[in-house]
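There are two complexes below, and they share subunit A, which is joined by subunit B in the first and by subunit C in the second.
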Partner chain A sequence: MADLSALPGGKSPWQSAARFGLYALLLIFAAYYILPLIVVLSTSLKDLDEIRNGTLLSLPAEINFDAWGYAWNEACIGVSCTGLKPYFWNSVAMTIPAVLISTILGALTGYSLTKFKFKGANLIFAMILFGCFIPFQVVLLPMAQSLGYLRIANTVPGLVLVHIVYGLPFTVLFFRNYYVNIPDDLIKAATIDGAGFFMIFWRIMLPLSPPIIVVTIIWQFTQIWNDFLFGASFTTGGGQPVTVALNNLVNTTTGVKRYNVDMAAALITAAPTLVVYVLAGRYFVRGLTAGSVKG
Partner chain B sequence: MASLSIQNVKKSYGAIEVLKGIDLDLEDGEFLVLLGPSGCGKSTLLNMIAGLDTITDGEILIDQNVVNDVHPKDRDIAMVFQSYALYPNMSVARNIGFGLEMRKVTKEDREKRVDEAARMLQIDHLSDRKPAQLSGGQRQRVAMGRALVRDPEIFLFDEPLSNLDAKLRVEMRTEIKKLHQRLGTTMVYVTHDQIEAMTLASRIAILREGEVQQFASPQEVYEKPANMYVAGFVGSPPMNFVPAAVVSEDGKLGVSIERTANGNRSSVFLALPDDRQDVGDWIGRDVILGIRPETLTHRSDAEISLNKGLQAFDCQVEVLEPTGADTLTYIELGGREVIARVNPYNTTAPGETMAFMVDMGKASLFDPKTELRI
Partner chain C sequence: MMSLMTQKSIPAKKPLSDWFRRNVAKLVVAPTFGLIIFFVYGFIAWTGYVSFTKSKMLPTYSFEGFYQYIRLWKMTPWNVAMENLLVFGSLFILIAIVLGCLLAIALDQKVRAEGVLRTVYLYPMAISFIITGTAWKWILNPGLGIQNLVQSWGWESFSFDWLINSEMAIYTLVIAAVWQSSGFVMALFLAALRGVDSEIIKAAYLDGASLSRIYLVIILPTLRPVFLSCFFILTHMAVKSFDLVVALTGGGPGYSTIMPANFMYEMTFRRNQIGLGAASAMMMLATVMAIVIPYLYSELREKKNG
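Let's turn to the complex of A and B:
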């Protein structure tokens, strides 16, 4: 797209003033949004004395990572003082398989719904889509019963199953809408060339899918890592994910309220999703808009 | 190489009948063109030959074997798609070799055959490129290479040239023709372009609304169209249709046509050649006279003395359209606009009356009700 501001006859003093006002407004909003993160980060780097004596907005006198170590290794979550560490690994053990499996199943389902169309494929897609609109709370009781029957209640594999089931409508939606734009002639050509269902998927569809795979992984990772409700409902004690542990850490007070530890723990909990965004965010935006403009 | 036989093939989607009983028989090594406007069912028929679409009724035979229930990959056919359908993630060489790879041809043999096909189509210098880095014409060649390398019994082409620009289209058309002459393989080619059909086909099947209108050689389709639809579809500018009445004058059978000459409206009698005495039953009835523009031109007495079929008449000129080689001269016959191909040096200014001659030996007569050839 051409740079509109570079067109001849486009610069007047009024326009420059408007530009200035616009940027000033944007700066104010940016500061407003970034301020909580700055407060959390700077508080996590202070010691307790400094927190008590200083103001909320003052920067730490010296960088001090003690609170981070304490939150990771020693902080008490309920009665066990293990820090966030075991719960963090619980979350990793829950998120990675759940993300991968729901992404693979979503890709396969999206592929079958678009390229190997069967009677009622659109109806099935509509029903799967309906899953996107079911609130979490509605499935809590039936899901708890199912986990009980399967004897995986209060375990990480149980949470993995819950997240796969709940994530599928979204992953199917993403892949289906991406694959619907891939020309059917490719599948026909490959069929005549002698490739079957899985061969076409593996050799032709998957190599075309990186943009949508990135979108799906980021989406699923964020959803599953940040989930609190399922973790709190279906696990207790040692099986809890880090989000639930964070809540319990902040609510467990033994004498002094350690704000710096709370802040450090919050940052540790949020770190993985931030990392994923920073590393793959641009693919996310690119993938979401892929196919909307031709070429 | 193989023969292809399509026997009373039907296709319906629910209550909608797309193909209404198609019968076509193709000898080994023939080039069949399925010609028709969009929505006539020609691509559906091609997909059914390929096995990409199911057959509702009837049978398709390749080399005398019914293939109705044979998987596309086992029919020994190769197909070139309008969109080329190149695998975007694979290099040119891999694209061409994919079919062989799927058939577990050894790597050595595969490379040899891919190289051969690429050289034949002059794309051997592109083998490491991805389809996105190729021009339209190059993509088209890769798509043909992918079909070629498999050495199939039958080639299927689904409007392969319609995404190319005009110049390239003519080039590739010749290329396909050469390919057919060299390989001698049976080919089925779908197009809506009548020039492609005329230039390539050994036989043309013209389809309309799921029915074959005519199945014949290009020359026969052109000279003896089975009905007015075929007559109007093939040829550019199209055949002129003139309302006329069959009459007998001085013992000669002919047609009478209304026209304007020297400011007067009157009828002119055009005698039919002696071999058209079969039209005798039609005396006193209306017919449609079909005249190709090139059989209608300026009067030349020398030619008339040589060819008995030539009939002369005068008519007022309406519009002139010079094309260089000929000037398309618009006149009005029987209330219809008619185009004559006239030598640029023999034209007459619009509004004036000019002497024409028409080759009645090459004219067609149609029944105005059924639109069928008489």
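Let's turn to the complex of A and C:
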């Protein structure tokens, strides 16, 4: 946007009013986005009496992390009262290998499809890309059967496999679109110097790749951590990832409804992706836009 | 291409390693491509086939034609789900695009603390729909949520019970989904606005065009590709919405807020009607493809022309 204030006709009282309206609009919407987080956080720090007697926006009289401890260690998820802890670690154990493997495969495939183009490479890319567009409902049923057949139903390795497979179209898309803009001359020169396929990848492509690696890892991390559909479809009981456990915790209706525990559990579940967002927001935005950019 | 040719000129010492060197790219692509062929194309074919059978708890393979599809479209819950998708989808897409575009334009006026505001607008995108649903379920619950808050301000008769009102519950999904996604739309528009040539805007301004006119006549038309991208991405999200419904309304009251994805899940995993579940999944695929194919077509055509 051009800086119009430097142009003639600026700074009339009417313009100051417009400026005020602009900030009012921006702040009202900032409130719309931020208030739910504040409400959830403050609810998680109150005790139940305070919640019943106060309102959404009343702040906790004293900061009290009991609900957090309860959500982590003791809350009941279905019939087992273990808190979110084991499910959180399920999610960690599922997310890390799935992110790493899908990123590595995506990088190698994107590299092969752009720098060592063979006949049909574009068709193969288009066929892989199609995987970005399917609603996962069309694969749920055969996937459930296959996981059972492979004897990895309701296990972390089973979910890792699922997330690798359905993350691949995105990681291939990211790396392919990034590598296609790296000059072929670099590869040509290295080949003449006698470097092979993997040597070129290791010595030339990887050192050029950190930005796209970060984008891909962040994208895959948030997608896989936040997944609910696969977790709900392929796991039960102790094998659930944390998003599924959170939903079960909130909907477990034995005893008193502890709203503060629900909110603490929601924040625990949200914490890893929120931390990544705060630390690497720039790359996060770039990942979102890259995910939307067409092949 | 070049690299392969130069490699060929190196004298082959061992035939096997030479073959490997010539085909290494294909060998590296093979596992990924194989996984996609099996887990995407193979699975879609399998689901497609099962949708033409009378499979209940276990898959059976005798072909029964369109039996499940006819059954599907006669079921009230499925029709409710499709209507919900239409209502939810159109409101969600429209509001998210208008709001995202408006916020992007507002943020692009050289405002103070732009970075902070952008962060605040966008952070909901980082969290799961399950968390969004849980948070909004708490905020919207009539007993202790917004209704209680406004009543405590002295407006005793204030009522805001959409969450438990089967006529209105669908709109709570819109509120929460817009909250989660409009920041993302904003980010896309903002990126595009930053790319608009500022010289044209200056020239129009010096010619006496008002700011609103500059936006309507000059800037917005150049953002057409962004509108299209957003439309496509949000449609895709709407068709796939599943978790938000589970966490916020549970599909209720009754089945007034179920979506096709929830119907599919219910039939497949809870009611042992996998033939019906497969048919509903294929209908969802068809819905997405009806949007994706024209979109990809227009993208590719634009690329060729430009």
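Points worth noting:
Here is the rule we go by: the second predicted complex is superposed on the first by the 269 of 295 C-alpha atoms of A that agree within 3 Å, B and C clash if a C-alpha of one lies under 4 Å from a C-alpha of the other, contacts with A are read in each partner's own complex, and residues count from 1 in each chain.
The criterion applied here is as follows: contacts are C-beta pairs under 8 Å (C-beta built on N, C-alpha and C of every residue); 3 or more make two chains touch, one makes a residue touch a chain.
Please read these numbers as outputs of a predicted model, since none were measured by experiment.
In the superposed model, A:183 makes contact with subunit B only, not with subunit C.
When both complexes are overlaid on chain A, the residue A:232 reaches subunit C alone and has no touch with subunit B.
Residue by residue along subunit A, subunit B and subunit C are tallied for touches, and C comes out ahead. Within the superposed three-chain model, A:207 lies in touch with subunit B and out of touch with subunit C [touch as defined at top].
After overlaying the two complexes on the shared chain, residue contacts for A:191 are found with subunit B and with subunit C alike. Contact with subunit C, but none with subunit B, is seen for A:276 once the two complexes are overlaid on the shared chain.
Residue contacts after overlaying the shared chain place A:199 against subunit B, while subunit C stays out of touching range.
Looking at subunit A, you'll find residues 188, 191-192 touch subunit B in one structure and subunit C in the other.
Residue ranges on subunit B touching subunit A, taken from their complex, read 47, 50-52, 72-73, 77-79, 81-85, 87-89, 98-99, 102-103, 146, 150.
Listed in rising order, the residues of subunit A touching subunit B in the complex are 183, 185-186, 188-195, 199, 203-204, 207-208.
Only residues 1-4, 6-7, 21, 24-26, 28-29, 31-33, 35-37, 39-44, 46-47, 50, 59, 99, 102-103, 106-111, 117, 119-131, 134-139, 144-146, 148-149, 152, 179, 183-184, 187-188, 191, 193-194, 196, 198-199, 201-202, 205-206, 211, 229, 233, 236, 239-240, 242-243, 246-247, 250, 260-261, 264-265, 268-269, 274, 277-278, 280-282, 284-285, 287-289, 292, 296, 299 of subunit C touch subunit A when the two sit together in their complex. By the touch criterion stated above, subunit A contacts subunit C in their complex at residues 1-5, 7-8, 22-23, 25-26, 29-30, 32-34, 36-37, 39-40, 43, 51-52, 55-57, 105-106, 108-109, 111-113, 115-118, 121, 124, 127-128, 130-131, 133-145, 164-166, 168-169, 172, 184, 187-188, 191-192, 196-198, 222, 225-229, 232-233, 243, 246-247, 250-251, 259, 262-263, 265-266, 269-270, 273-274, 276-278, 281, 284-285, 288-289, 292, 294.
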